[in-house]
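Data first, discussion second: the structure below is written as structure tokens.
All chains are identified by letter, namely A, B, C and D, in their written order; residue positions are counted from 1 within each chain.
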Amino acid sequence: MLLKKLREEVLEANLELVKRGLVLYTFGNASGVDREQGLVVIKPSGVDYEKLKPEHMVVTDLEGKIVEGDYRPSSDLDTHTLLYREFAQIGAVVHTHSEFATSFAQTGRAIPALGTTHADYFYGPVPVTRPLSDAAIGGRYVHETGVAIVERFKGVDGVEPIDPLAVPACLVAGHAPFVWGADAHDAAHNAVVLEAVARMAFRTLLLEANPQVVTQALLDRHYFRKHGANATYGQTKEVC
Amino acid sequence: MLLKKLREEVLEANLELVKRGLVLYTFGNASGVDREQGLVVIKPSGVDYEKLKPEHMVVTDLEGKIVEGDYRPSSDLDTHTLLYREFAQIGAVVHTHSEFATSFAQTGRAIPALGTTHADYFYGPVPVTRPLSDAAIGGRYVHETGVAIVERFKGVDGVEPIDPLAVPACLVAGHAPFVWGADAHDAAHNAVVLEAVARMAFRTLLLEANPQVVTQALLDRHYFRKHGANATYGQTKEVC
Amino acid sequence: MLLKKLREEVLEANLELVKRGLVLYTFGNASGVDREQGLVVIKPSGVDYEKLKPEHMVVTDLEGKIVEGDYRPSSDLDTHTLLYREFAQIGAVVHTHSEFATSFAQTGRAIPALGTTHADYFYGPVPVTRPLSDAAIGGRYVHETGVAIVERFKGVDGVEPIDPLAVPACLVAGHAPFVWGADAHDAAHNAVVLEAVARMAFRTLLLEANPQVVTQALLDRHYFRKHGANATYGQTKEVC
Amino acid sequence: MLLKKLREEVLEANLELVKRGLVLYTFGNASGVDREQGLVVIKPSGVDYEKLKPEHMVVTDLEGKIVEGDYRPSSDLDTHTLLYREFAQIGAVVHTHSEFATSFAQTGRAIPALGTTHADYFYGPVPVTRPLSDAAIGGRYVHETGVAIVERFKGVDGVEPIDPLAVPACLVAGHAPFVWGADAHDAAHNAVVLEAVARMAFRTLLLEANPQVVTQALLDRHYFRKHGANATYGQTKEVC
């Protein structure tokens, strides 16, 4: 069996999404990539989480061609593989319909950076894609979903580009969030925090329609406290 | 004991509603129909869910006459049987007062199709009935509740008809949802998803009073991904 | 030990409030009355629910004088005893700070009857008291809280009276709900349903500022389906 | 090992925050102070709560210099120590990103005293700090967070001072709450109640944009029922 460790990490990330209440039934999927071998491990489509085992994971190449696996891969596979091809430094992708992030996606609005919890994880607003055209929806829809995400980060048509490592999530308009990270654990963690950030942004906006967003200084301070060479959060050695 | 398997399926559907947090105390009921024998199996009225066993289920004919059972059937029986008579292809009916769907019912408003989660299950808005007249309420009220649902789908008085298989749920104005499906498992599943969809629609509408609804192209793409001959979601064989 | 059975019922009602998420820490209390002996059984003040046993309950007379018990009674005792003296047919009283009902109390607004779930239990809006005067707050405050509830139901100053058996709950303005019932089980059940009804009214009002309230016909139909001589809900014999 | 009992109390307070749903992952921290020895016990930074043991706690002096411990202290240490130096009578500090209190912090607004639940614990609105200047954020940020809290209570620039014992919590604008108490148990308890009070204030404000705040008489009555020499709530002896 190929990629045993990655299969286990991807399974664990899928189960973390369930444990944290981000998925209902079989909605949602996580994948991881092995950059050296150019292989992706992804959850099979529509299988109950309680039955999932590492051997049910599906292995594909970066174009989505199945290399190993008895089951159909997640129906969102083509979005995952496009993100791996375009965002060269990410190691895992998570997709859920977590309810508050999805509610923002349904408004077609980004989640503004309204506090330090957001700034600890997302270095600026969590953006939303443009709506997909009818042609894109009628064509290679799942692939086109990835195209819309990538365009938003590359910043076509005068929109400012965003670094996918600094803002590891995107809302797909009318659909739901895609989230990524250095590895499967990190991507699932980011998806859980995104939902918490969305809950708090939702409540803040209901109390105050035009809240002040965090200043650049606060964004810098919090983001770089947890990221980069000068991070000061957490332990340099494991607690055991 | 008649219809042993159907009794078990109907019981399981009732318990799924409890497990997913859709019912408080004894609010809510599920039933299933055996089309060949023309018999309905339904939960008894006002019995604690933790005590329910297959033998407590009540068997009636399609007019609601009790054929087998020691207990009174659910007080909503006449709505269930009318739906079975009028919607010939459905196999099960679920009624709950799940809180977000009920909140929409209390506004007298349909749940608009605001995202792909909705489109995966409901091919258009989840409609709401007209308010019942005082005469209907004072008369065969439970039956009349079913009449209002059926009228909404048949589209009397210039209202556009809806296919009950494409939109397997209806809000009863000032009351709560009725949901159906191919079988008891499917109907309960639809009821759980309806509540999730209602939660997200509620939050979307609070953030944005006039959100864009999903386009016809997106509705088609998502609905037919999970339904019909060309469905691509899930496995063609069981994961075991 | 006096009133063993009533102590057990009152304890069970207190625990039901915890199980259903209506109380945080030691907020909330339930009591029951033995009309023949003129004795009240009430929860002690500020004791952790997990430690509560029947022998910790405090027995008082209808004036609140302690008859048996090693602990201080709930600090809300004087409200309970006044309700027993004034509402001759009630058998139990429950007080919680359940969050949605309390949010309505904090607005000083009644909970309007917006749907059939409400109508099944409360035959009209759940009213709110007038604010207490500074003199009442500075005087026999807990007693005066009861006075405000009783006045609201008796309908002083041209306000329409309400039958406490038909509407077994009242919001105390700026404070929280008091709920009652035929016995301790019934009062706790009503408190749990009140909170569900408040959650749905809250959401309905956020979606639609002026929703249509249930008609008199619907209120009659639902209320009398579960109450009075012609009730048709539930079983005439126990399911065992 | 120094301060064994205080380590256990601080650990227990940290776990209470998890049990009550106030923290996600490792967000949040609690500390306690030994005034005689001038030593602070605080949670280590970024360690999973399920692994925490008393020996992982870090002991520092009141300036934040580590006296005993193998791990890095919470990254919020400098806020804790400043509060201990400035608020001489407090015995413990808790910091969480509990979601409703944080949503208020993100609006830059205080939590108004809208009901008796609030008045039982907080003798007036729970205040919010001024936004930190860019210089403060770029400098000794964690220390400056404490400075902003202390200034709000001391009442610089014509703002009315607040007694930190009477209002044992403060929202840091754009960030989250800090809460304190007589000891670690008390501080965690106050943090849990603050979140409940924030949930109810949020819902009250959505129903009614300008609700009446509790009167001074009601604030006095409720606050002094639970605090001070004339408190009447709870037991004078332990229930066992």
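Just so it is clear, a contact is a pair of C-beta atoms (placed from the backbone, for glycine too) under 8 Å apart; a residue touches a chain by one contact, two chains touch by 3 or more.
Labels paired with UniProt names: A, B, C, D = L-ribulose-5-phosphate 4-epimerase.
Note that the coordinates shown come from a computational prediction; the quantities given were computed from them, not determined experimentally.
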**Complete:** Comparing which residue numbers chain B and chain C contribute to their contact, where sharing over half means same and under half means different, the two sides are different
**Request:** Averaged over CA atoms, how far is the centre of chain A from the centre of chain C? Could you give it in whole Å?
**Result:** 47
**Item:** Mean-CA-position distance for chain D and chain A (Å)
**Value:** 33
**Message:** Give the residues of chain C touching no fewer than two other chains, as numbers and ranges.
**Reply:** 206
**Prompt:** Based on which chains are in contact, what kind of graph results: line, ring, star, complete or other?
**Reply:** ring
**Asked** Who touches whom among the chains?
**Response** A-B, A-D, B-C, C-D
**Request:** Name, in rising order, each residue of chain C that touches chain D in their complex.
**Result:** 24-27, 44-48, 51, 56, 71-72, 75, 97, 99-100, 102-109, 131-132, 134, 137-138, 141, 174-176, 202, 205-206
**Prompt:** Can you list the chain B residues touching chain A in their complex?
**Reply:** 114-117, 189, 192-193, 196, 199-201, 203-204, 206-208, 211-212, 214-215, 217-218, 220-221, 225, 232-236, 239-240
